[in-house]
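Chain IDs A, B, C and D follow the sequence of writing; residue 1 opens each chain.
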Amino acid sequence: MIPHALLILVAAPFVAALILLAVPQRMRLVTRLVSLSAALISAGLSVWVAASWDMARGGFQFDERYPVVPSLGIEMHLAANGWSAALLVLTGLIIVGGVLASWTQERRDQEFYMLLLVLVAGVFGVFVCQDLFILFLFYEIAVLPMYILIGIWGSQGKVEPRGPFKFVYEFLDVGGREYAAMKLTLMLLVGSAAILVAILALYSEAGGTTFDMIALARHHFDPATQKLYFPMVWLGFGALAGVFPFHTWSPDGHAAAPTAVSMLHAGVLMKLGAFGVMRVGMVLMPEGAIAWAPIVGGVAVINIVYGAFGAMGQKDLKYIVAYSSVSHMGVVMLGAATLTVDGWNGAIFQMVAHGVMTGLFFALVGLIYGKTHTRWVPKMGGFGRIMPGIASFFTLASLSSLALPGTAGFIAELLVFIGAWQSGHPVWAVAGAAGAFITAVYVLRAVKRIFWGEGPSEEFAKLGDAKHVEWGALVLLGAAILVFGFWPAPILDLIDATSTRLVQALYPLVLAVNP
Amino acid sequence: MPLAAWVILAAALFSIGLYGVTSRRGAIGILLSVELMANAVNLLFISFGRYRGDHLGQVFTLFAVALTVAEVVIGLALVILLHRVRRSDVRVDEVKELHG
Amino acid sequence: MSLPIELALVALFTPAAMAVILALVPPLRRTGRPAAWLSVLAASISLGASVWLFADQLGHPSRDLLESVRWLPHAGAAMANVGLRIDGISAGMTLVVTLVAFCVQVFSLDYMRSEPAADLGRYFTYHSFFIFSMLLLVLAPNLLQLFFGWELVGLTSYLLIGFYFKKPSAAKAAVKAFWVTKLADTGLLLALVVLYTHTGGFEWTSHPGAEVATIITLLLFVAVMGKSAQFPLHVWLPDAMEGPTPVSALLHAATMVAAGVYLIVRTNPLFAQAEFTREVMVWIGSFTAVFAAVIACVQTDIKKVLAYSTCSQLGYMVAALGAGSVMGGYFHLTTHAFFKALLFLAAGSVIHAVHSNEMSDMGGLWKRMKLTTIVFVIGSVSLAGIPGLAGFFSKDLILEGMLESGHTVPWLMLLGAAFLTAFYMGRVLFTAFFGELSEKAKHAHEGGWEMQLPLVLLAIPALGAGYFASRFAGMWHLEYELHLNLEAGAASGLAILGFAVAYVMYGRGAPVATPAILRPIAKLAASGVLDRFYEGLYRVLGLKLAGAVGFFDRYVVDGLMNLSGYLALTAGQKLRRLQSGNVRDYVFVVAFAIFALSAFGILR
Amino acid sequence: MIDRIAFGVVALLLLLSALRVVTSKNLVHSVLWLGLTLVTTAGAYLLLSAPFIASIQILLYTGGVITLMLFGVMLTRRGEDIAIPNESSEGGRALILSLATFGLFTGAVLKTPLPQEAPPFTGSTAELGREILGPNLMAFEVLSVLLLAAMVGAIVIARRRDPGSQRPSLGLRIEAEAKSQEGKS
């Protein structure tokens, strides 16, 4: 038993960020090693938590409490249930991968790593924090560094003014990195505002004595209240999960962000949103969730199909991956909306699967961009010849994306579709499966365009494959996809233990509404 | 002698001061009008105090007078400063550095 | 753990381990031939285990072994297991798969000799992985694992068709194959979902009720249509010939495309409950059999002929299974695997010799390649269903099943297909192997022993597998009896007639002209109506819609978001005028506010 | 009776002088009229039995403030001429607002029941002194601090140079800044 494991887990990146303040700017290797060791400490502890989480006992484990504002009932209550444990492992994988993937980041690297670590500390915090108030705090810590990360290290783009709102596009600098950073931050903050309202409402409805979610879950909120505040939590957190139509920050944000940031953002941060909807929305307000589930699921299906078509319509590689994230987060939300054990297992597992997969995708896109200085797919072709390793990993990520058995994506989507059918919405399952097919169409098309066929053209002919440290992230994430795909039990058992318990609590209510 | 008479007198004085404040262009002119308004308020204090039959109104007035003096001092200092910057009559509608 | 399970594990995981080693150790893979030999070694171990397993199973014909471990959890219990199921069906199929795979790998040693070392290693890595995937499918104890293997063989198919990925046509064919089969596999995925929802498991032995069974089997059949190239989802198979010829032999003739038929055989308990689905199968199968046979008659590319022939034969199997003749379908699957693999490998040998796929470049090969010609004749005759050879027994069983179940029209269609089969095979034989020696064939010669051995190995079962029909049937509790009656005679007669017609038309060294009555069909086939239809669908429903969604998202959804930002900014622009900087305005506002507040306080 | 006449006289004088303060064209006149207003107010305080406040009013206001004002006026003018313009503009809205305010207040006063007669007054200046330095001592002290601060502030703003340093005073620095701004624009 490691004492204060969760606290160390959350604090390690934070402390590392503080240490970096004292490291001289020119000591680049030290900067990287400090960051990497913090990432490894957190990732190691995550794995330890997941491995020693007691399946038979279930519930919340590794309980730690640190009073913050006792008079208002705010305390830093850290504990992990099965979901948290699974998502901690994901976050650990992604941050290690992210640190490795940005090893060659030259410009203002120290600040970059600091913000990255602060961000990931926030993510870890959200996953293990059981106090609504502190959870919100961590949520903001995770979201806000994005603004700076994209604003400073982002890449520029340009969007041609067209369409019914042409004058708007002429007025705003749409596509620039400041634009992307601003859009992302504003949209997410509007969401945060809704969340805050809902959190305070729950707090005062429950008597205004505690923010502890475990205690709040025992309080039975008035159904009318639940129906009022559930959509706030859904859309508030949902904005981060890319719920249609509040997903538009995501393609621009991901496209503008530097590699590691895209990895973390699509890989982990978007999961915070979905996790929030499930953990705060559905668990605390079950009747609200039941009432809203048809809409949540319907919007999720729109996300899946719309995101997939959106991805098919793109020519910029990062946009393709970003839209595919929108589509895949739809699968997560669909699983959540089914309110069944299998659906929830699938939703959380999809978070893990998509996190790893999209992390790998963005790492690869970063590598390709770093070599070719273009993300424009029509300019590429025949890269399989010059970068076979990258091609292999890209294909692997694509296969997970289209839910091929043997990759983590398959298990997640299968579970979600089963959940959807069980919940009495066969249409969801059919539309979801159609989304998986459309995904197959666009990812394989991308693979074909980039790596197959004739080429590469002369300007790219001398480029090579990935080198030394760069392999680190690829191998780590690629292995995770395959391991989770062939043998999901270790992670899925954790998730299942928690989902089962939560759905059991939900089940009488579902029956009451929908016998 | 009804109290209402005094109060109405004070109100009239206040309104005149208000007129001055809103219509004068020069800083000193506005300052003078503010003095009028302050004076009206002081008059009110004294009147109400008298009809209450104790000293409270007078105490307040005393403090208010002292405050007004301080205000005048600062106001005039600002006027002089502005005058030095602008080297002209201090017309407040020309001082627009703070516009949005 | 009993011996058969251990043997099956060896057969399954030796190639898997080899694939993993070759994938993870690039230096080894890039050595080329050593890697290839390692892969062949793994395949031979796998084959040995399969033979042993099969022999063991022959000793206990009615044995049905199941060994599984929990794979997916549900509410603390098992949702799905993975494991091995060993009975007559899977043991037989395991042998077929490993035997053909072994032959093809050995054949490839010589056939692929001129490939760069790194590509050769990659090729054999895929092959090893294929054996694993296919056996995973074959030995699956439930539908979920079957799907798992099903998709993995689809993946290897994609990778192997796209083996020459630098060639745009190969890249296109690979992607097309994947898209079409993946579209069909959506049906299988949904079938899994429905099956689990209604029975709480992925077992094919469950009884979900006739209606649900119909839905499930229809969904399954959609997947079968994709994988086993049934009309109208067969379009990928001819294009798949872009892959190396041994690959076509293994995946796109003998084993992978037969997985669809195998699926129906396995899930027969479900199909038995679904009358409607079986009716659909009979008609689609029969139609495909005729349709593909007709097109095969007008192809000039030898591999394309064989590809359409495969399509056609798969149609036989599907129709047989629809008619309830499980034995017929499965037996034909087995014999077809042998003689079609043989035909493809022989064709590969020819292509290797003349460096062309076109039949017009061949001719008179008999004079240069005796062995190849002999085995090709054996394959053709067996395929055509001439009495005595393997194909005759299985085809006869199918036709008999059709009649027994009362499907007269489909029976006639299949008879017609039998005639056509003999005709187009005769056409290939007479134009490519007999007659005048063509220009390109002058320097043709047999390949090395690596190429000859597999031909001989496969020719044996193509000749004689039919005589084991009753042993086969016994292994899965079925009766087999050869009925020599008029109906069987009709099929054989038609086959002989087909060869005769082919001889008359092409026997005397005539060029590979298309028969006059088939010209319109040739034209139609060349224009690729169906292909163009799918392409149009893809362009309109796929690309156009995707473009529209992209525009909509960028300029309407996002436009509204940007509009809100724009409104906020312009409102700020307007509002900042209020902050005029004019002190007197402020004073007035303050004064007015005092007035308004007083008024509010007093008049309230 | 006599107090009513006295009130009438005081009121009349008060309003008249106040009106002249806000309407006079000459700033110096305005200041002088304000002086009269303040003196008259002192008279009103006497009528309201507040002699001490009345004397303070005269001493502080009339003696101090008016003098200050005159200094201010003179300091901000170079001209030899004593006639300093004191312009008005936008009188319309100002007039409406002030009349409305007056009407509002008057209405409110008339609606409120207020005592008709003053109670007999018994206080004395000595009591006032005790009141100020007794219960209100704290406020008194705070006020003294405030006055000190005002004095310091006024000096800081208006003087030319910080003592003991060559650095120009805050006021001068603002001045320089403003000039450089002008130069730029």
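The rule is short, and it goes like this: a contact is a pair of C-beta atoms (placed from the backbone, for glycine too) under 8 Å apart; a residue touches a chain by one contact, two chains touch by 3 or more.
What you see is a predicted model, and the numbers here were worked out from it, not measured in a lab.
Participant: For the chain pairs A-C and C-D, which is connected through the larger number of C-beta pairs in contact?
Facilitator: A-C
Participant: Name the chain whose C-alpha centroid is farthest from the C-alpha centroid of chain D.
Facilitator: The most remote chain is C.
Participant: Of all the chains, which has the CA centre nearest the overall CA centre?
Facilitator: If we average C-alpha coordinates per chain, A lands closest to the whole-structure average.
Participant: Which whole number of Å gives the spacing of the CA centres of chain C and chain D?
Facilitator: Here the centre of chain D sits 100 Å away from the centre of chain C.
Participant: Measuring from the mean C-alpha position of chain A to the mean C-alpha position of chain C, what distance in angstrom results?
Facilitator: The mean C-alpha positions of chain A and chain C differ by 36 Å.
Participant: For chain A versus chain D, what separation do you get between their C-alpha means, in angstrom?
Facilitator: Using C-alpha averages as centres, the distance is 66 Å.
Participant: Give, as an integer number of Å, the spacing between the C-alpha centres of chain C and chain B.
Facilitator: 96
Participant: What residues in chain D touch two or more of the other chains?
Facilitator: 90, 93-94, 97, 101, 105
Participant: Which chain A residues sit where two or more other chains touch them?
Facilitator: Residues of chain A touching two or more partner chains: there are none.
Participant: Give me the residue numbers in chain C that touch at least two other chains, ranges are fine.
Facilitator: Within chain C, residues 584, 588, 591 contact more than one other chain.
Participant: For this structure, enumerate the chain pairs that meet the touch criterion.
Facilitator: A-C, B-C, B-D, C-D
Participant: Quick check: in the complex, which residue numbers of chain D touch chain C?
Facilitator: Residues 90, 93-94, 97, 100-101, 104-105, 107-108.
Participant: Which bits of chain A are touching chain C when the two form their complex?
Facilitator: 159, 162-165, 167-169, 171-172, 174, 183, 186-187, 244-245, 248, 251-252, 306, 309-314, 341-342, 345, 382, 384-385, 399, 402, 404-406, 410-411, 414-415, 417-418, 420-422, 429-430, 433-434, 436-438, 440-442, 444-445, 448, 451-454, 488-489, 492-493, 496-497, 500
Participant: Name, in rising order, each residue of chain C that touches chain B in their complex.
Facilitator: My answer: residues 576-584, 587-588, 591.
Participant: Flag every residue of chain D that touches chain B in the complex, lowest number first.
Facilitator: 3-4, 7, 11, 14-15, 18-19, 21-22, 27, 30-31, 34, 37-38, 41, 44-45, 48-50, 52-53, 56-57, 60-61, 64-65, 68-69, 71-73, 75-77, 85-91, 93-95, 97-99, 101-102, 105-106, 109-110, 114-123, 127-128, 131-132, 136, 139-140, 143, 146-147, 150-151, 153-154, 157-158, 171-172, 174-175, 178-179
Participant: So in the complex, the part of chain B that touches chain D is made up of which residues?
Facilitator: 1-9, 11-26, 28-29, 31-33, 35-36, 39, 42-43, 46-47, 49-51, 53-59, 61-63, 65-74, 76-81, 83-86, 89-91
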